[in-house]
């Protein structure tokens, strides 16, 4: 006859462990649910027009988000141009040159910047770029996104540079390479894969950001040539259309959501698979 | 020894000649050091400028309202009277709801992934959960508006009102008109958004607990669950707390999804079903509508407040997580 | 002892460059042997901790000098002072004189020093590049603009690796076996035509067959290159070197011709070490 207390403990064990499994599977199924729903709802509305046409005037049905797609690409390009070099070089500093206290301050500040809510960064870009000229612009949006790119890039650059074995550096220096030559000709190439995927992930992250664009790039129902005008972007369009009272706009918001999520997930998947498979040091 | 060779292969370039060449070579390292240092310092400069700009541009409202800004319940653009209390309330409430849902869910999942699932399965599921963290906020908002809100309005809301709503005290949380949007809805959406962070950090922390701990408990006859709950989890307690702080910091700064489902009303209400606003959602929905310098300044001051809150929380989170990794989880 | 193909060594001999020697004297005894390195009163510190005490040594030209001693006696540290590699580590300090061909190495440009004094490490550390690019690396960074192909080939000959890789020059260096990688590192070091080659336990990670190959190529390299090798393996020291220095606790205990040191050691500690009583 089994001690009832042991039976109780066994039952509790079984129940709790099952619950944890349910929890984990529940969380994962949310992901699949999101994907599925988006594919279902968004896929219905996705058509050639979506990618090629401009938005129609308010109230009319049809039209597309061509300008938003182009706008997002423009903003990403600006963010990459401004943020990636800063992140890369600062990462090189931390991994290769850094003194103890200064490096600590830089790392701490970078982590701080990483934790700043994206809307606050939007306020910052607003005060830097929009206020002085009193109009919204793609440049302001690019600045906001560029700032967000920096901490992610710094961290991954530093991490992958540090992963390059010291024996490689020693080998180069023993041949007479100066420190910077060693970095440029041996260390950076060895860490290339990791650093590039880090950059890709950073860009994928900011591609989906909406809040910092709300009052920097703002939005536009037409094309916005150059970088000095308010610019439409995919995330902001989704937001604008989703909260509007028009069914047709809701339909388009789903389509845009599918496109955006698709791009972000593909970039993330690709980057993570590359990282898991190749590792940091590859033959260049 | 082999026969002496007479052919002489071209020599490698001669040794360093004049001093200028020497200086230039050594200078190369110096220049590289300097350039990278400048960019690293640039980050410090950037962040300081950010704080500075927030401070300076909120000057008007800081001067006019002072500390009362945090306690004034009124947010009235028409009369230039701005108080942050409703948004602080909204931020706290939605975050609390989010944590109440996300922490048990996340911790349970993390336990499953670190203790029970075979390594391969655990890795795959963790990978998928990391992907969840990459989903943009606005997409959560989209799903929130068109799925969670209607469900809230038609099913969950009425259910809660009719059941828990009648219980004394707690019932106050679930009363009143139910539009589908509100604190609870925002809290639920937030919970889904922060759960991946709790899971991934907690899982890592749990995995660092030494195997001997589990074995000691099991050898004493503990069940799997008992050994996990009573030994492993307490060992990783500080790190798990850190993950919660991290999740909290994320939740506080979350903007888009919250804006889309919270109802955008500067109210303080006991009922979770009431519409409200958070600091972030207020800034998002009103910034471009702000007429007048005081209005704008007040919004920017809200941004400053948000910055400070997340700054403190992130700092605490990091200390907690690092303490676990270093101290081996000895109970605080 | 298995031998690398004759053809390879003949070619190596043919291509081996002549390196200028400061003094030409007959090599009758240790005292009259021309000297590449002259080390006097060397003290070395890792922070506050002293690792080398008052070391005096000469390294003769075109000979192999072996450094033996128990673990931690400072032989690798000493080797690394010769090409100033210890400067990469923070908080190190060197006192005393190290002269290369009469010139103080701390007065000359370190980049140039390292071109003249090459190093091969304990574990092979080829770059994640092709075999060709590995060997050409030193030449490229030193700005050499001549015909790389010839120099790459001759270096690979001198390292007794050419025949094995000549059809695969553009493959990754990581495709090679451990022993081949080490010979590649030797070729890489030789490409810049160093006067001295420092070898820090080059065979400790390799099997006996590969070790034999490397010892043989060292034998053929001597003519054109002075070598100093740190080794744990006393048989290797006895086989492959002309002079041997025995170190203990950071001090030089005894230094003489290899045959003399191993048959009639002067110091009782040397005898204890080589007969296996400790170390």
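By written order: A, B and C. Residues from 1 in each chain.
The definition used in the following text is that a contact is a pair of C-beta atoms (placed from the backbone, for glycine too) under 8 Å apart; a residue touches a chain by one contact, two chains touch by 3 or more.
Keep in mind that what you see is a predicted model, and the values were worked out from it rather than measured.
Chain with the smallest distance from its CA centroid to the overall CA centroid?
Given all protein C-alpha atoms shown, the central chain works out to be A.
Which chains share more C-beta contacts than any other pair?
Contact tally peaks for the chain pair A-B.
Determine, using the mean of C-alpha atoms as each chain's centre, which chain is farthest from subunit C.
B
In whole angstrom, what separates the CA-based centres of subunit A and subunit B?
Those two chain centres are 15 Å apart.
Could you give the separation in Å between the centres of subunit B and subunit C, each centre being the mean of its C-alpha atoms?
Result: the chain centres lie 55 Å from each other.
Measuring from the mean C-alpha position of subunit A to the mean C-alpha position of subunit C, what distance in angstrom results?
The computed centroid separation for subunit A versus subunit C comes out at 50 Å.
Give the residues of subunit B touching no fewer than two other chains, as numbers and ranges.
25-26
Can you pull out the residues of subunit A that are in contact with at least two other chains?
In subunit A, 178, 181 touch at least two other chains.
In subunit C, which residues are in touch with two or more of the other chains?
Where subunit C meets two or more other chains at a single residue, that happens at 111-112, 115, 142, 192.
What part of subunit A is in contact with subunit C in the complex they form?
For subunit A paired with subunit C, touching residues are 165, 167-178, 181, 185-186, 189-190, 281-284.
Per the contact definition, I'd like the list of subunit A residues that touch subunit B in the complex.
That would be residues 9-10, 12-13, 16-17, 19-21, 23-24, 26-28, 30-31, 34, 37-38, 85-86, 89-90, 92-94, 96-98, 102-103, 105-106, 109-113, 115-121, 123-124, 126-128, 131, 147, 150-151, 154, 178-181, 183, 204-205, 207-211, 214-215, 218, 235, 238-239, 242-243, 250, 253-254, 257, 260-261, 264-265, 268-269, 272 of subunit A.
Please give the residue numbers of subunit B that touch subunit A in the complex, ascending.
For subunit B paired with subunit A, touching residues are 25-26, 28-29, 31-33, 35-37, 39-44, 46-47, 49-50, 53-54, 57, 104-106, 108-109, 111-113, 116-117, 125, 127-132, 134-143, 145-147, 192, 195-196, 199, 223-226, 229, 249, 252-256, 259-260, 280, 283-284, 287-288, 299-300, 303, 306-307, 310-311, 314, 318.
Looking at the complex, which residues from subunit C come into contact with subunit A?
Its residues touching subunit A are 83, 85, 88, 111-115, 118-119, 121, 123, 125-130, 137-138, 140-142, 172-174, 185, 188-189, 192.
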